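Alright, structures below, take your time with them.
In what follows, chain A forms one complex with chain B and a second complex with chain C.
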Partner chain A sequence: MKRHLRLFALYFAQYAKVRLAYKADFIIAFLSSMAATVLGFGFVLVLFTKIPKLQDWSFYEILFLYGFSLIPLGFFNVVSWNLYQFGDLYIIQGRFDRILLRPVNTLFQVLFEKFRLESLQEVVTGTFVVAVAASKLHVPWPVSNYFWFILMVASGALIYLAVFLMLTAVSFWFEDRVGIVPPVFNMLTFGRYPLTIYNVFIQFMLSWIIPFGFASFYPTTHFLGRTSFNTYFYLVPVVATSFFMLALFVWGRGVGNYSSTGS
Partner chain B sequence: MHPIIEVQDLTKEFRTFRRREGVWGALQNLFVRERITIRAVDRVSFSIQPGEIVGYIGANGAGKSTTVKMLTGILVPTSGRIVASGYVPYRDRRHYTKHIGVVFGQRTQLWWDIAVVESFKLLKEIYEVSDADYRERLGVFSEILGLKNYFNTPVRKLSLGERMRCDLAASLLHNPPLLFLDEPTIGLDVVAKDRIREFLKEVNRLERTTVLLTTHDLSDIEELCKRIIIIDRGKVLFDGDLREMKARLAKYNQVKFFLKDRSQVAALARITTNGISCERLDDLTYLMRFDREHYSNADIIRNIVTTLEVSDILVEEEPIEDIVKRIYLSGEVA
Partner chain C sequence: MGTADLALPSRPERTFSPGTLARIYGEFVRVGFVNTIAYRLRYYTGIVTYFIYVSVYYFIWKAIYAHSASIEGFDFSHLLTYVAVGWIMRSFYYNNIDQDIANQVLEGKLAMDLIKPVNPQAMYIAQALGESVFRLVMLTAPTAVVLLLVYPVRRPASGWHLVAFLVSAVLSFFLVAAINFAVGTFAIRLKSILGLLRAKYFLLELFSGLLIPISFFPHVFQVALAFMPFQYISYIPVLLYLGKISGLGILRALGLQLFWVTAMIALGHGLWTWSSRKITIQGG
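Right after this comes the complex of A and B.
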């Protein structure tokens, strides 16, 4: 564990060094990431010039939800770069061989060989927006909430990771690029609005199949003092851990399949 | 002595689908798929002693890389047994990989974007090499391989030869007792090849590192290996001493001779009789092959100098390429 922490720091420092060496490239990536975030908030602003409330959610409540959803997503985005390219780079081009030749956990290597540094912007922006919204709403904020907040962010990031890890692991069985990642990725945006505005089918799906609701909506309701989903709030870490364990299991099976088929 | 690698009845089968061609075929593929099983490695057995350098050779698709992938723990065998350095490679993968070094000539093990020396530093941490060992080994390697000049160059900017040298150094930073090389000199020029061979000999001499290398380039083998294993269509055709193989399997000797002038060409027909063939290499250079059992070198040379006016004569054994080619073609060792 200690060794892995040190390796993580080294991998991160190495990658940051490379990334920052190409300043123009990094600045462009940073600006486009920022632009995407700003556009997202712009949409919420425009929406609320047309309507006073979304269901019974006020502008600042939606802002809180939207801002909160960005924080775990930002952390996830920092490490997810290699997951998107996994089928191509690691399976088809065969880089996974090299991963198997090193005395380090396979998933550790895949996640931390590349970082998307600019996505840390989402974490900062999200936190800022949440702070502004919370102060406008006069949300009561006991000290224990800092603990819950961090736990919820960590769980959220774990949920995103678990979902995309499972989708990525599919490449171990089907070499051909699988087209299920983009649609699921688009579903991330569903979590930025109150789950209750969707029909029952989507609500169920976002809770128990692809549990993005647990990454943003259920934590937010609790922080905003909406008590109707309290049980779900306490379930967040449980859901996150279980899905992650499941994802690890699928990943492990995938690695086993790779080494017996040699694709 | 205890062997460092023991392989018994090692077999690897791949299951795949027969792909039909064309649009109609592609549609058919979607619904009905015909399974086929390919046996890439077929009951291969051998054992290797510590300190040996063994050449593992075979034509394309003979099963060389598949064997190496099983020996390094990347692939799980379909059946059979491997014990290397005391481990079952695929089962104890993470411990085992600390005891081996691996170089794939076609693919780098280093990080593409970062400077060579930074890659080395990462590997130092990954393999938990002490500072003192790291400094010492890097010093030795960079001296023999001449790495100093591009320590700070990103790997993607290196030439193939430079990259290969870095890969080799990287694979040995943790001083593994076992080194696997898959086509280590592929695509390299003569000087680069030479440097790599010298380095391997040196490492083998100093550390008694056991080396198993696959190659297409039989000059690698002649330079480095005492022992070779020839495989074809997944099966071992020959396993033994290189010199012994030559003695046993070489059929021809060859004589290269240089004619004084063109007037001699007409006289050539007189010496190519039974079991002697003559091939024109260029205007005045000819290569004659003859059966070792029927003629002695002395017979042939006498024959040449009495019939022809030559400026030089060179007697050679049958090149190992030709022997191996014959083995591939016949699919067995006579």
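Right after this comes the complex of A and C.
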């Protein structure tokens, strides 16, 4: 464990050096990425000039939910790059051979070989929006909420990682020519609005099949004092851990099934 | 790539007869079409992706219209149609010319574009057109069928409105292609424009009116957007479909759309000339 932490620090520092070698380039990437995230709020901002509430959610409550959803997503996006390219780079081009030769966990190596550093802006932007929304809403914020907040962010990131890790592991068995990742990725949008506006089928799917609801909606309900979802709130870490264990299992089976391209 | 089929003159000359031009760029349209066939399976999930896009907004608007009958002259059925037709159109006009240029720059292949005796702008747009024709058959048509079956989407206001809408949708393609080309030229000077492209992506989604009608924006924004080309990508064409523009207004809308297509093509041409001059200097 200690060795892995040290390795993570080394991997991260190494990649940060590579990126920061071109400072202007990195700053442009960071700022334009932030502009993109801010523009993403445009729909909600314009919408609420015309309506007072979305179901029984006020403008700042929606902002809180949307902002919160960005924080775990930002952390996930920092490492997600490697997952999207996994099939092409590691399986088809055979780079996975190199991973297997090293005495370090395979997933650890794949996730931390590259970092999308600019995605940290989503964490910054999301936290800022949540802070503004929380202060406007005057929500009670006991000290224990800091603990819950961090736990929920970690759980959310773990859920995103678990879902996309399972989809990535599919490439151990067959080349994904259909492209199952983009539709699932687009389902993230569902998580930015109250789950209650959707029909039962979508609510069920977002809770128990692709559990994005547990990464943004259910955590938010607790912080906004919507006690009717309390059970789901306390289930968040459980769901995150279970899905992640499942993803690790699928990944492990995939690694066992791997046979090199053999060039 | 199929470009080898072209009978290139031994000494590149830049004047061709109209017939030859049509043949050359027609060939690029074909190449764009054929290249896309390799990814045809991806278009099946593309249908799902577009269905998800529309569904999210369906539920949001449904929740909103539970409390109000009409917002800015749109009742729920108009707004649902607005959203659905907007996304159906997008499945046709969407292209990645900007990203393609960025990739060419990163891979150092841009020189290949420069030595071809063709207009690079026309070449990129022609290839994108081939891709869009493919999308029309493989993505737009099935997406439209699915959405019409699942959601109560309104029919076009009249036959003439449908004709105007179809013309407008084709102009939208050229408008988006011209804008993407112009943005793509920045890749030549900047090292990495992926962040910039992502920002442009969200900018177009919002200011084209795809996510929310322009008439819902605060007045200041509406005035500012009237002087920009973005609303002619989605908002204006869908208003034509819904019959919210009629009579001479139709001709005026199409005329302005055509104006913006021309303006953006001119802008892209200027930017390309300006940027490619820079390459010559750097390349020494």
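Going forward, the second predicted complex is superposed on the first by the 253 of 263 C-alpha atoms of A that agree within 3 Å, B and C clash if a C-alpha of one lies under 4 Å from a C-alpha of the other, contacts with A are read in each partner's own complex, and residues count from 1 in each chain.
The definition used in the following text is that a contact is a pair of C-beta atoms (placed from the backbone, for glycine too) under 8 Å apart; a residue touches a chain by one contact, two chains touch by 3 or more.
Keep in mind that what you see is a predicted model, and the values were worked out from it rather than measured.
*Asks:* Which holds for A:R6: it touches chain B only (first), chain C only (second), both, or neither?
*Replies:* Once the two structures are laid over each other on A, A:R6 reaches chain B alone.
*Asks:* Identify the partner contact of A:S144: answer first if only chain B is touched, second if only chain C is, both if each is, neither if none is.
*Replies:* neither
*Asks:* Is A:L47 in contact with chain B, with chain C, with both, or with neither (first, second, both, neither)?
*Replies:* Second partner only.
*Asks:* Which partner, chain B or chain C, touches the larger number of chain A residues?
*Replies:* C
*Asks:* Name the contact category of A:T231: first (chain B only), second (chain C only), both, or neither.
*Replies:* neither
*Asks:* Give me the intersection of chain A's contacts with chain B and its contacts with chain C, in residue numbers.
*Replies:* Of chain A, no residue contacts chain B in one complex and chain C in the other.
*Asks:* Could you list, by residue number, the parts of chain A that touch chain C in their complex?
*Replies:* On the chain A side, the touching residues are 22, 25, 28-33, 35-36, 39-40, 42-43, 46-47, 49-51, 53-55, 118, 177-180, 182-183, 186-187, 189-190, 193, 197-199, 202.
*Asks:* Touching chain B in the complex: which residues of chain A?
*Replies:* Checking each residue of chain A against chain B gives 3, 6-7, 10-11, 14, 17-18, 94-95, 97-98, 100-105, 113, 256, 259-262.
*Asks:* Looking at the complex, which residues from chain C come into contact with chain A?
*Replies:* Contacts found on chain C: 41-42, 44-46, 48-49, 52-53, 55-56, 59-60, 62-64, 66-68, 71-72, 190-192, 194-196, 198-199, 201-203, 205-206, 211-212, 216-218, 221.
*Asks:* Over in the complex, which chain B residues touch chain A? Could you list them?
*Replies:* Per the stated touch rule, the residues are 12, 14-15, 66, 69, 72-76, 78, 90, 93-95, 97-98, 100, 102, 104, 107, 109, 111, 113-114, 118, 121-122, 125-128.
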